[in-house]
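This structure is in structure tokens; I'll ask about it shortly.
Chain nomenclature is as follows: A, B, C, D and E, assigned in order of appearance, with residue numbering initiated at 1 for each chain independently.
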Amino acid sequence: MTEASLLNISLVILFLPLLGFAALIFLGKKIPGSHWLETFIMFSALCLSIYVGFGKLSYYVGKDLISQLTWISLPNVPLLGNINMDLGIKIDNLTAIMLFVVTLISFLVHLFSIEYMKGDSRYSRYYAYLGIFTFSMLGIVLTHNILMMYIFWELVGLSSYLLIGFWFEKKSASDASKKAFLVNRVGDTGMFIGIMILFTNYHTFTFDTIYAQIAAGHLPFNSPAWLTAAGILIFMGAVGKSAQFPLHVWLPDAMEGPTPVSALIHAATMVAAGVYLVARIFVMLTADAMLTIAIIGMVTSFIAATIALTQNDIKKVLAYSTVSQLGYMIMAMGVGAYQYAFFHLVTHAFFKACLFLGSGSVIHAMHHEQDIRKMGGLRKKLPITYATFLTATLAISGVPFTSGFLSKDGLLAGTYAFGLLTGHWIIPAVAFLVALMTAFYMFRLVIITFHGTPRDEHKYDHAHESPFVMALPLVVLATLSVFFWYGTNPMNPSSGWFLSKWVKTPATVVPQQQRFDFMKTEVKEAGAVEETKTAEAAETETVTHSEHYMHAMHQAHYPAMGLSIILGGLGILLAFAMYQWKKIDADKLAEKLGPLYRFSLNKWYIDELYGATFIGGTLALSRALAWFDSKVVDGIVNGTATLTRGLSNIGGLFDKYIVDGMVNGAAYLSGFIGLFFRRFQTGKVQTYVVFVVFSVIILLFIFRPFGF
Amino acid sequence: MNIYDIVFYLFAAITLVSAFVVVTARNIVYSAFSLLFTFFGVAGLYVLLGADFIAVVQLMVYVGGILVLILFGVMLTNKITSIQIKTGTLQIVPAILGAALMAGVLIKIFAGTNWKSQLAQYPAQTTAYALGRVLLTDYVLIFELLGILLLIALIGAATIARKEEKAG
Amino acid sequence: MAYFPILSFITFLPVLGMLIILMLPGKQEKLIKVLTAVITGLQVVLAGIILHSYNYSLAGVFQQNSFQFIEKFRWIEISGLSWLGTVKVDYFLGIDGISAPMVLLTALISFIATLSSWNISKSVKGFFALFLLLDTGMMGVFVSLDFFLFYVFWELMLLPMYFLIGIWGGPRKEYAAIKFFIYTLVGSVFMLLVMIGLYFSAKEMLPNGTSAFTFNLLSLMDPKNYTATGILSPFNPHNLRFVAYIALFVGFAIKIPMFPFHTWLPDAHVEAPTPISVILAGVLLKMGTYGIIRISYPIFPEITRQLAWFIALFGMINIIYGALCALAQKDFKKMIAYSSVSHMGYVLLGMASLTTVGLNGAIFQMFNHGTITAMLFLIVGVVYDRTHTRGLDDFGGLALKMPVYTFFVTIAFFAAIGLPSMSGFISESFVFLGSFSQDSIRTITMFSTLGILLGAGYMLWALQRVFLGKFNEKWNMLTDLTVREYLMFIPLTIVIFLLGIYPSGMINIMNTSVNSLVDFMNKMPAQFSMLGKF
Amino acid sequence: MVQVGLTHFLVISAILFSLGIFGIVTRKNAVMVLMGLELILNSANINFVAFSRYGNFGLNGQVVALFVIVLAAAEAAIALAIVLNIYKTFTTVNVDEIDKLKE
Amino acid sequence: MEFNTIYNNLFYLVPEIAVSAFLLLVVLADLILGNNKKLLPYLSIAGMIVAGFCVMNQMTFSGAVFSLSGGQAKSFGMVTVDSFGAFFKLLVIVSTVLVILFSFDSEEIKKSTSRQGEYYTLILGMVLGMFLMISATDLILIYLSLELMSLSSYVLAGFTKLRDRNSEAALKYLIYGAVSSGLMLFGISIVYGMTGSTNLYEINALLKSPETNLLPLGFAGILIFAGIGYKISTAPFHFWTPDVYEGAPITVTAFLSVASKAAGFALLVRFIKVTFVSSVAPSGHWMLLPVFPWKELLIVISILTMTLGNFTALWQNNLKRMLAYSSIAHAGYLLLTIAVLSNQGLIAMLVYFGIYAFMNLGAFFIVMIIANKIGSENLEDYKGLGYSMPFLGVTFGMFLVSLIGLPPSAGFIGKLYLFIALVDANMIAVAVIALLNTVVSLYYYIRVLKEMFLSKPTGEPVSLKLSPLSFVMILVMLAPIVIFGVYFTPIVDFAKSCVTILGM
């Protein structure tokens, strides 16, 4: 289990899906069991990544494995010397974990799809797309430089485009895919500018090299402001991919794609890539950048949660919950709760995937009915689905003994501590509020879907539990959303191996005065050192968080936990009250809060807003410009042409004289000169003679010989 | 005012007056005939200039040849009886202007220039001999050339004038 | 290898073909087409040979000794003049890292265009004869190192193009052809004036010790050669170099086409037959930018530095303006025409950066845009041949009927959008990286990145309107690609991906030259503007 | 009255010349135009002869005059042929009406 | 001047003699053979070829013959044989042969088979006239040879009497020509009066003496220039050109536009060079005698000419007429080469003329073929001819391109040499004007192509079966246009070897 072997194997993992893609796209129709092939490929990839993860986390836990090769080299550039652009992979703990997560979920989704997508006309194409997606996602996970990150970023965008628009016959689907790609492009553009800033200053794309230079005190354009800018701009990429406000609009629409796809891409992996990116650039984030990120995350989670409250499409609800959870993670990153953010990313990946696949099986059972108001009482029909779905719901609501509880609680604690340290109390406040809402709408969903009495008898009767290949993934994922995978202590995540051993907050490289106070490294006086921390410090020789941050975390831990449990419970209670026991009439309530309700139901009218402003504006502008171009520019630049037309309309000789006319206005002059000369050609020879005689005389007078 | 002068002015008068008639007469026949006098007058001037042979040739070729040709032309292209015979004139003004200017310029030049003038003696006998010698020695080339020129003129005139037979 | 005049060969091979074709009877259409294909194919082979035996370590740009495949001999020599001394024009060919990609591009595109012109039916003989003549013109422009020769080839290209558009074009071909002709002519008149001005400003040493005015581009790049009084000589305190630069730039800008001189392009494209659009977008547009890099830059380095900002500005305008116009088009072909305007904007931007990365990007972008846009026009051609309509809204759901076609379309479109792993991405990022690293135009660069977004916008919209959504039953008779069309698309696709995944293949060729050019542009202005006056 | 000299002859030829031009320009009838031409030739001839006498240039002048006369004959021949031809085709010899070819 | 000297002198006149001999042969053959006219053209071609050989032999000669016994010592004689003359004679011969070949295909000439004898006789007559014009150095000879040529061309212009425009052309040409030559003669008489000689060399010698009175000389100069200018149709003596070119049979038009123009130019050059140039500087520039401002005159005239030609051509719809104006314009360019007054200019002129001959003849020839087919020379009737007659269309296009002077056609080279000569003589402004004129000329040439290729055919498409002869001829005339366009060293070297004008 040498480094080289691990690196090579992870390369194999990376390229296996691409292989599958190539195979399926070109001869998918010819291979009968092509989907099995692809699934098998994913399975082997999974095994390999388990192997890699195991090796990495058990043998090289504190060490980053890197291998790279020069892709483009620009030798002896004037003033800059050599510029090299490398391709390379880097395996650190994050990578190892992500490898596992991605391959696992991808595999499960493959498995799930075998039944779900059966009989689709473009069956093999579907698997091909899944393959290219997995490839790009793994690329993001593995890469060690930001250019490659960007490349795979775009490729992921492409595959998401293809998968969302998989049923492109539906206008809505092709619209959604286009929207997704474009909205992502917005973020990516920002990200690219960020990359440009880095490259311009460091002439490389490799993270470590860049960070090393920053640590050495070489700031972009020698100003911390640019560093902040770089951070925020790159973060914009994450805003796009992780559907953060204001670019979150694409994700709900993306639900037009097949449900397994939603599970894989739009719940578990791709959207998480944004968080992963932030984790990657975490060390170069200045305080301002982090605050921005935190706020954006906060806003996102809040908006999404509020919207999720009122949606009736099962997938829409899940979509918005995803958005809000992603907002959580981003927020956590922003407040410096790096570990918990990533932790939540992993746990969320599992239970959200579970939820989506569950919804998939529901939809499958209901013959592609997605409106929860037409469901109900499915509990009996779909026991497995129900069980798994419920587990995942508990997890997302942060009920104890679930993985969700662990990560979410830590995350909330992080925000709480942040409040303590910086006084930005708004962030924790919103965070907890969202926790409440989450619990509420998730249980609303469960209750309306599975409990009560069926509303659509006909569909209900035909509903049936999903076959094994669909059930299996649900079960796996459900089990994965239970606490013991992550740590022995169901109450305190940080003691679990996941956080204590694998995921460490990396040392920031930002100059001191640009950090939050609590992230400043200060000389530690011997007394106040906790043993746990020293142990950590001993393991990773970097100190990221100051003493009193740790202190604050401990201080925040239990209040946060308690608060979250209470709020979660409250939310669940509320849900039951309203939809199970009908104590509170939901519709009445809705009427009472009419405006608010509609506001939430219509997703804060954000789509309409964008439609009116950006999209409408651009299209209008483009139309105006096109007119301007054809009329004005054309008109002015070859105005002579129009001039020609105007002048030579006499006799409608436009075509005849266009050649004379168009070159330039002189053409007219020339024409008239011509006419003038033509006058002389009267055809009367005697007139000619007169001319000759006169011209002789005139010539004599002009060229009077010298001395005349 | 010796006899020479008188004769000169006489011929000059004849020449110019008749020439004037030529270019102004409304009746083409008149002008044709007055052209005769012009030629005659010019011939006279030649004599005064001691160019007897030229004078003779002038009379023979011009009067005997060209003038007859012209008269033929007149006859062939006009019916004496028709009104056609009176031909109009056109662009008088520019013509007068041009002609006057030209004459003015020429006279100015001719008068204003001091030509190298050493009066040649009248030839003792007719110039025919001398001319003949010169023609066949110094100017033999041109002499031959004129032969060809006349041939060409002959052929050309024939080509143009002869009736086009509808062949080919 | 060095002794074989391969450049002359690759340049005049088409003329040979043209003569043969003119000899052939007009009825032998098949033969003529095959012949043309063979000729252009041979060109590709020759280009391959050239690249194969190309020495990456030689820079070229301004030293003759590091140009490659040089052919130089006296073409015109008029001696015994009084103050002109000896008037001479050299037949001077040679390539360096800047022109080598263009040569390859020209060969490739010509070949593809030949294939795509297979179903030309109207007076085939004339078409292919003119086509080959055009080919020679384009090739010549890229290989000639003597301004006069350059100009001759430039003009040579003009007439065939005029007829190819004017005869085989669409309904308004006449208008389009004349518009193209007039624009280009005006441009070349400007160029001519500058050329003459330069000619009378620089003298070059002849072997026999006397010095003579020169058209030799390399000599014109050396300030030492300029006379004290020449109208465009930097030593002349009242020189007109600035004006000349503008004039020359306009001359080239018309070809690029740079806003606001771009309006001939949409008309020409819409009216021109597919192969000609391919040539037009694939090669002709590059001549403008190539000319600027090859001539304006090294000959007027100081003014270039002065005006780099404006060049970048126009680049930005091109990018955004073109993209917005494309967004509004209803005509498939017109949209792609405007997309060319937008994409050429990247080239301008990269050039303006005057950095290695930027210039590499610019030239690389020239090549990539050549291939990608060629493919786009071929795509339009395919659907136009079948349906004789180009309205973006007349279609819909073609993906169902023509999956393979759609496959290639998707590739081409995403390549145009600049998706990674395709060549367009590399060049565009290089352009941006380069121009961003130039302080003066950083802001412009940031705005230009809007182009990435808008580009994706109109491309995807078009993709959706034509290929996705409900299938329009009207086009039931549509058939998928034929073998010939495969032959057109596959090579381009391969090139696009190859250069996207292994860009070094192209960049290594350019880099040395670009480096020395950038170096030149950094060092020279001091010498050129030694009187501190432009 | 002054002694008649070279100038007198020249003046005559000058006037003759001008009259010739006048005739050519003014007369409609082609034949009369030809007469004008003859006048011009004659005036030139007068010059030659006069010069050759007063400048004492030998006989060249007279020879030239001789040639010119011959030439005049030839020209007249062709001219009239053409005029006749015109008459045949246009049934008029009015030069001013023969202006189909113009501009 | 004794008989044997004459005999010796004749040796220099072999080409002229050959031409005259064949002229007579043609006449006789015409009479003997009766209705069988097939032989005549070949006979005349043979004559041209023989004459051609004689001229070749004279390439290296340089001498003047038929000097007047009475004249001054300086007198060289009235005929000068030198390489310059030889060049133009060859040009005349070539164009004559081509024109004769044209006549095979010309409908107009075919119509009047019975008079073909006269036709070829007259052409030979013209050739003789041109030969003498080219080499004459005596004003009388100049005048008479010019008249010889004119008389023949008057007749030829009206040769096909069936169409009234021919007769009209003939009449106009006649009257106009007669007047101009009359003016010229008068001018000559004045010169004679001043110098007592008609021999250019003598005149030159006399002009060097201080007490020349300039006024009459100037006037005489202008009058003589009027005579020559009418031959080479420069404004303001060009008026006959369009009418006659349009009216005359195309073969004759072509002939006039090339051969007689060439002769006229040769004459003009020789006249100015021999008469008014005192010496040639080593730099090749001609030292003009301070008696008359020829340079200025020529510049003004040429600018006027080319401008008028080009701009008026813009409005022409009759191809022949348009070409007439274009040939006027070209005369303007050519005049500039003389205005340079240097050997360089002379080289430029020869090069230009060598090329001009081919492209102009070619253009006229194609116009003729098309006219034979569609019976019209109007631009409207050329619509879409590019398709119905692709070969003609393309070749015509090439000729026009060459006439414009776009690279890489030979026309460009001609222009190039012209402009270089101008710039070298510091006549930048003139060069620019000429350049602008070229641009203007572009419009009307392009217009033709536009009609041929870009316009819908109006009538039913005409198809043309090209006779092999004309096919070959077009190629023959096209070859130099294309070849000299890229490789023109031969013609340039030839021109360089032909700039020696006897005298000085």
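Criterion: a residue touches a chain if its C-beta (ideal position, glycine included) is under 8 Å from a C-beta of that chain, and two chains touch if they have at least 3 such contacts.
This one's a predicted model, so the numbers in the text were calculated from it and none came from an experiment.
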Overlap of the chain B and chain C neighbour lists contains A, E
Among the chains, which one keeps its Cα centre farthest from the Cα centre of chain D?
-> A
By C-alpha centres, the chain nearest the middle of everything shown is C
In terms of C-beta pairs in contact, which of C-E and A-E ranks higher?
-> A-E
Please indicate which chain is farthest from chain C, where distance is taken between mean Cα coordinates of the chains.
-> B
Counting in whole Å, what is the centre-to-centre distance of chain A and chain B, each centre being its mean C-alpha position?
-> 108
Between chain D and chain C, distance of the C-alpha-averaged centres to the nearest whole Å = 68
Calculate how many whole Å lie between the centre of chain D and the centre of chain E, each centre taken as the average of the chain's C-alpha atoms.
-> 27
Distance from the mean Cα position of chain E to that of chain B, given in whole angstrom | 31
For chain A, which residues are shared contacts with two or more other chains?
-> 659, 663, 678, 681, 683, 685-686, 689-690, 693, 700
Which residues of chain D are in contact with two or more other chains?
-> 10, 17, 20-21, 24-26, 30, 33, 50-52, 55-56, 60, 67, 71, 74-75, 78, 81-83, 85, 95-96, 98-103
Could you list which residues of chain E touch at least two other chains?
-> 68, 70, 140, 144, 147, 151, 154-155, 158, 161, 170-172, 175, 179, 183, 190, 193, 196, 215, 219, 242-243, 315, 439, 446, 450
Touching pairs here come out as A-B, A-C, A-D, A-E, B-D, B-E, C-E, D-E
Partner chain E, residues of chain A touching it in the complex = 659-660, 663, 667, 670-671, 673-675, 677-678, 680-681, 683, 685-686, 688-689, 691-692, 695-696, 699-700, 702-708
Complex contact set, residues of chain A against chain D = 678, 681-686, 689-690, 693
Would you pull the chain C residues touching chain A in the complex into a rising list?
-> 174-175, 178-179, 182-183, 185-186, 259-264, 321, 324-329, 356-357, 360, 397, 399-400, 414, 419-421, 425-426, 429, 432-433, 436-437, 445-446, 449-450, 452-454, 456-457, 460-461, 464, 467-471, 503-504, 507, 511, 515, 518-519, 522
Give every residue of chain A touching chain B within the complex, in rising order.
-> 686-687, 690, 693-694, 697, 700
Which positions of chain D touch chain A when the two form their complex?
-> 21, 24-26, 33, 95-96, 98-103
